[in-house]
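Labels run A, B, C and D following the written order; every chain starts at residue 1.
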Amino acid sequence: MANVTWKGVYPALLTPFKADDSVDFDVYKINLQAQMDAGVDGIILGGSLGEASSLSNEEKRDLLFFSKEIVPGDFPVIINIAEQTTKAAIQLAQDSETNGADGLMLLPPMRYNADSKETLEYFKAVATNTSLPIMIYNNPVDYKIMVTLDMFEAMMPYKNIQAVKESTRDVSNVTRMINRFGNRFSVLTGVDPLAMESLCMGADGWVAGLVDAFPAETVAIYRLVKAGMIDEALKIYRWFLPVLELDIHPKLVQYIKLAAQHTGIGTAHVRAPRLPLEGEELKAVTAVIEKALAARPVLPDYLNLKHKKDAAWA
Amino acid sequence: MANVTWKGVYPALLTPFKADDSVDFDVYKINLQAQMDAGVDGIILGGSLGEASSLSNEEKRDLLFFSKEIVPGDFPVIINIAEQTTKAAIQLAQDSETNGADGLMLLPPMRYNADSKETLEYFKAVATNTSLPIMIYNNPVDYKIMVTLDMFEAMMPYKNIQAVKESTRDVSNVTRMINRFGNRFSVLTGVDPLAMESLCMGADGWVAGLVDAFPAETVAIYRLVKAGMIDEALKIYRWFLPVLELDIHPKLVQYIKLAAQHTGIGTAHVRAPRLPLEGEELKAVTAVIEKALAARPVLPDYLNLKHKKDAAWA
Amino acid sequence: MANVTWKGVYPALLTPFKADDSVDFDVYKINLQAQMDAGVDGIILGGSLGEASSLSNEEKRDLLFFSKEIVPGDFPVIINIAEQTTKAAIQLAQDSETNGADGLMLLPPMRYNADSKETLEYFKAVATNTSLPIMIYNNPVDYKIMVTLDMFEAMMPYKNIQAVKESTRDVSNVTRMINRFGNRFSVLTGVDPLAMESLCMGADGWVAGLVDAFPAETVAIYRLVKAGMIDEALKIYRWFLPVLELDIHPKLVQYIKLAAQHTGIGTAHVRAPRLPLEGEELKAVTAVIEKALAARPVLPDYLNLKHKKDAAWA
Amino acid sequence: MANVTWKGVYPALLTPFKADDSVDFDVYKINLQAQMDAGVDGIILGGSLGEASSLSNEEKRDLLFFSKEIVPGDFPVIINIAEQTTKAAIQLAQDSETNGADGLMLLPPMRYNADSKETLEYFKAVATNTSLPIMIYNNPVDYKIMVTLDMFEAMMPYKNIQAVKESTRDVSNVTRMINRFGNRFSVLTGVDPLAMESLCMGADGWVAGLVDAFPAETVAIYRLVKAGMIDEALKIYRWFLPVLELDIHPKLVQYIKLAAQHTGIGTAHVRAPRLPLEGEELKAVTAVIEKALAARPVLPDYLNLKHKKDAAWA
């Protein structure tokens, strides 16, 4: 089993489909290889961007097996848990552990707007029924439930709850988490258009979306910021922002699949009720992608940077 | 198969559970009998109040079979569809039809914030794959997606899309629907604390929540308004409002189960991640229920009223 | 000084301007006469619809004097207070009393998002510095501050705080106010597209907007509902709703001035920063008004109805 | 007249009052001196934090005169314009220019939710009636109206519109403004708890609030980030955040006045309807301030740093 450091870039991978709606493992493999070549630090399967709402748990398991065969032994594969009942969440956590997952990303209960205590009990129930390390996915914008600092305080005794995917869209939460908990919880930014700001303020990692189409650029920004090379990172980030904004749209799946199709590492098919883009919307998104490709920056040798030693930074 | 008029009171039934989490058919039967005695016009299974998020489709099917055995042949049993994929929605619609359901209540796609076109395609896909009559459940407050007047316009050719459960919390929508579509779509109010207002403005029916604990009072209000006896209805409604407000809280399931326990036709157990009420919250909700019970009104003979003949009204 | 019953229809009058931006007293008089002919029960000057944000206190005073000369002695003229400091609010209240106003409509402090205690202190300061009767204007949608039931409870000892203009857009508040306070506070609906619903539920009066263009239709609906003639009222209200919705748009001033121009009792000029309507927006609003005029209902003899005797109703 | 570079730290100064509600020029002078000693780059009078809603234009003028007598000739004094009519805004702009102001901060029209065109016309009317340089204050959270990128595009021909106080709370707007307009508009962050993030991403300046109590710490953070000394800045910023959050509360005036009282450069009195803090709220805010004071960092020699030469940065 791979150790998860919760530092670095973790793509929330797309799930490519064939025209007949079945999972396209060939395209999946191409994209996964591109991610590894670019220097990502692990992968996340079955998240929102992976069309979790359209995948069965069996399909998540098959993607897990397939990924584990491809990646190096020390490269973590993390499974997303987005369930409606505590029972189903525990089951998926245990099955994932049995099937070789290296970590879990855990959303609050789906659909029911659980209160703080109910959400905590749900998290604890999962944490105590698996030995896998867990990243709590904090996204009240899409999923209503806010995981507060006090709730993280209550989770401190649970050693395998180790990280947060910070998607509150309030970038001050990076500093609040660090101020309150030091390095007890790794803080990973989960909103592409706020990622560089978060990394500048000390976030440990990036659960990324547009990495699925632009892996090298994403890892480059991460590595440059961690090396203290802010100006170089900012150049790339300013080029990247119009594309990164595709990550916060309800149609992020269609948008990012289209981008990945343009960069040659993905296909556009989505499962109903999602429909492919068309008309003005397709034009507009294509224009954003093409404009970015036309000005695609030459990246520095970002895989071979010296990291800053400052404890407050790296 | 029972004909669904889409007029009258339709309880969104609770799903009682035993301490071991299994469905409690005995208590279910007691409540269903109380509903029928009170004069409701049909029932809805597997809605939000029925803890759809915690039920399997097999359990919804068992509740359907069990209900059909109890109710008269002409008493409609309606199944709620709240699915994440078009495929699963069609499957559930067809299984429900096979298993004897008389109608469907249909939510937009769950979890994914589908746009208007995607939502319409999803609705049409279900409508064209079943012959059952369908009520569209319009609730952007809880489920993000708004079903607009233009979307209803696009649904007009689909004859089995016959009604809307109006839960936008904008009571003007009753008048907008009637102004735009006449009686093409029956309009049922789906928010207990706006129900009387909606009925005064011409809503055809009421998909009710607190009816699960107070069936007679609910049907009484409905019948009195339809008979033009506004003052009598208002007296009951003013008594009822503090209890009706339990229907719009995220914990409506726990709140209404507690109320049903107090009126002797339900039990409080809920499935995780929902937790039973406790502490100050339990005190506060109990106080509301007990205060209502202490002043429970004597109802008129509401089952034997003459209906108003005015076409604009009834 | 005229007694204010806080029952009936109270137009929030427009302030017509000439092309040179000065107040147009001739047009004002024409509209005021139309209001009185239609049977309104009083008038409100200097509200949002009266372009309070563009009027000086001197202009409000001049409108007050002018109105008092025109109306009968027992016809109340109410001044709106929308001030940023307690000092200025008290001053305007006292000046209005000196100048012959019969009542006040009082908003919470403007611009500063005062908390409950600060808002209460502000209200009490005004109430104790005038003998005029006061209607509290409750509109958190436009003005952020919510006047809660508990705050009304705290205002009970202040006998001249007598009414609320209910503009929370939560029509259940009519019933909550009545349940909690009986008839201690008159409840007037302040949102045209929720007016009939509110009146059905027992609201005492209507602070109306579209009355400024359609006075007879507005008073007709009010009188019919109070006489228990719901069907007749509903016919007019369903015709009226597309026009009434102009009342809840940020450009309600331009929209309603345009409507009043179409019905011959107003002019369209507004003071900057407001600009006149143009292009597609002008087309769309004109279409709504013209469609309504083309189907303008024949009204019953609504000024000579018998009122319902039921205590819960009238 | 002082040149405004729109780079650096610009305190939105408090307006201290005596117990009798009059402006306290002695305390004002003490605070202003502390600001200059700390190395701020200009001051802003009559903003939200300066209790604009409680000041008369005469008082703003007196503060302007008084300030100009104290500060060096090349130290800009900027007046905030928050008016309800175009006429009044132009008047205040011209009076301020006559009275020696060096620049203006301009809010959209107050109270009326003007649309884009109306807001632009308002801005243009002010800009064409003064020669003073102007910073547009973009704060839809408090003032409803959003100044969009397209609106800034339309303002490009107006040379004296030179800057934006970025208070949208969407820190990505720093990058969007820079991507779209290069350095045509200086971007100043206007939300203390997002300031360091904004400065890291290239914001030119900081319109600051807590600077009124902690001037040295604020300027230190600014200078350190601009010098590329992110780690040092981050140490101070992490200490500062709990206090900086006082800036985004509706009671920011009372909170920051309390902080300034604790640091010996302010007093707590506020004008009604604002009330002084008391009870639990006073305790809580005092605790935040005292905790910060107990751990107040030793600052580096931040007034004598070398600035980074990178064009993308400084």
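Brief remarks follow.
Assume a residue touches a chain if its C-beta (ideal position, glycine included) is under 8 Å from a C-beta of that chain, and two chains touch if they have at least 3 such contacts.
Chains and their UniProt names: A, B, C, D = 4-hydroxy-tetrahydrodipicolinate synthase.
Because the structure is a prediction, the values reported are computed rather than measured.
Path length between subunit A and subunit D in the chain contact graph, taken as the least number of steps between touching chains: 1.
If you lay the C-alpha trace of subunit A over that of subunit C, the rotation comes to 180 degrees, to the nearest 5. At the interface between subunit B and subunit C, over half of the residue numbers appear on both sides, which makes the contact a same-residue one. Subunit B and subunit D, compared by their mean Cα positions, are separated by 52 Å. With centres taken as mean Cα positions, subunit B sits 38 Å from subunit A. Taken as a contact graph, with one node per protein chain and an edge wherever two chains touch, the assembly forms a single closed ring in which every chain touches exactly two others. Pairs of chains meeting the touch criterion are A-B, A-D, B-C, C-D.
Residues 171-172, 175-176, 178-179, 193-194, 196-197, 200-202, 228, 230-231, 234-235, 237-238, 241-242, 245, 308, 310, 312-313 of subunit B are the ones that touch subunit C when the two sit in their complex.
Interface of subunit A with subunit B (complex): residues 53-54, 84-87, 109-115, 117-119, 121-122, 125, 142, 250-251, 271-275.
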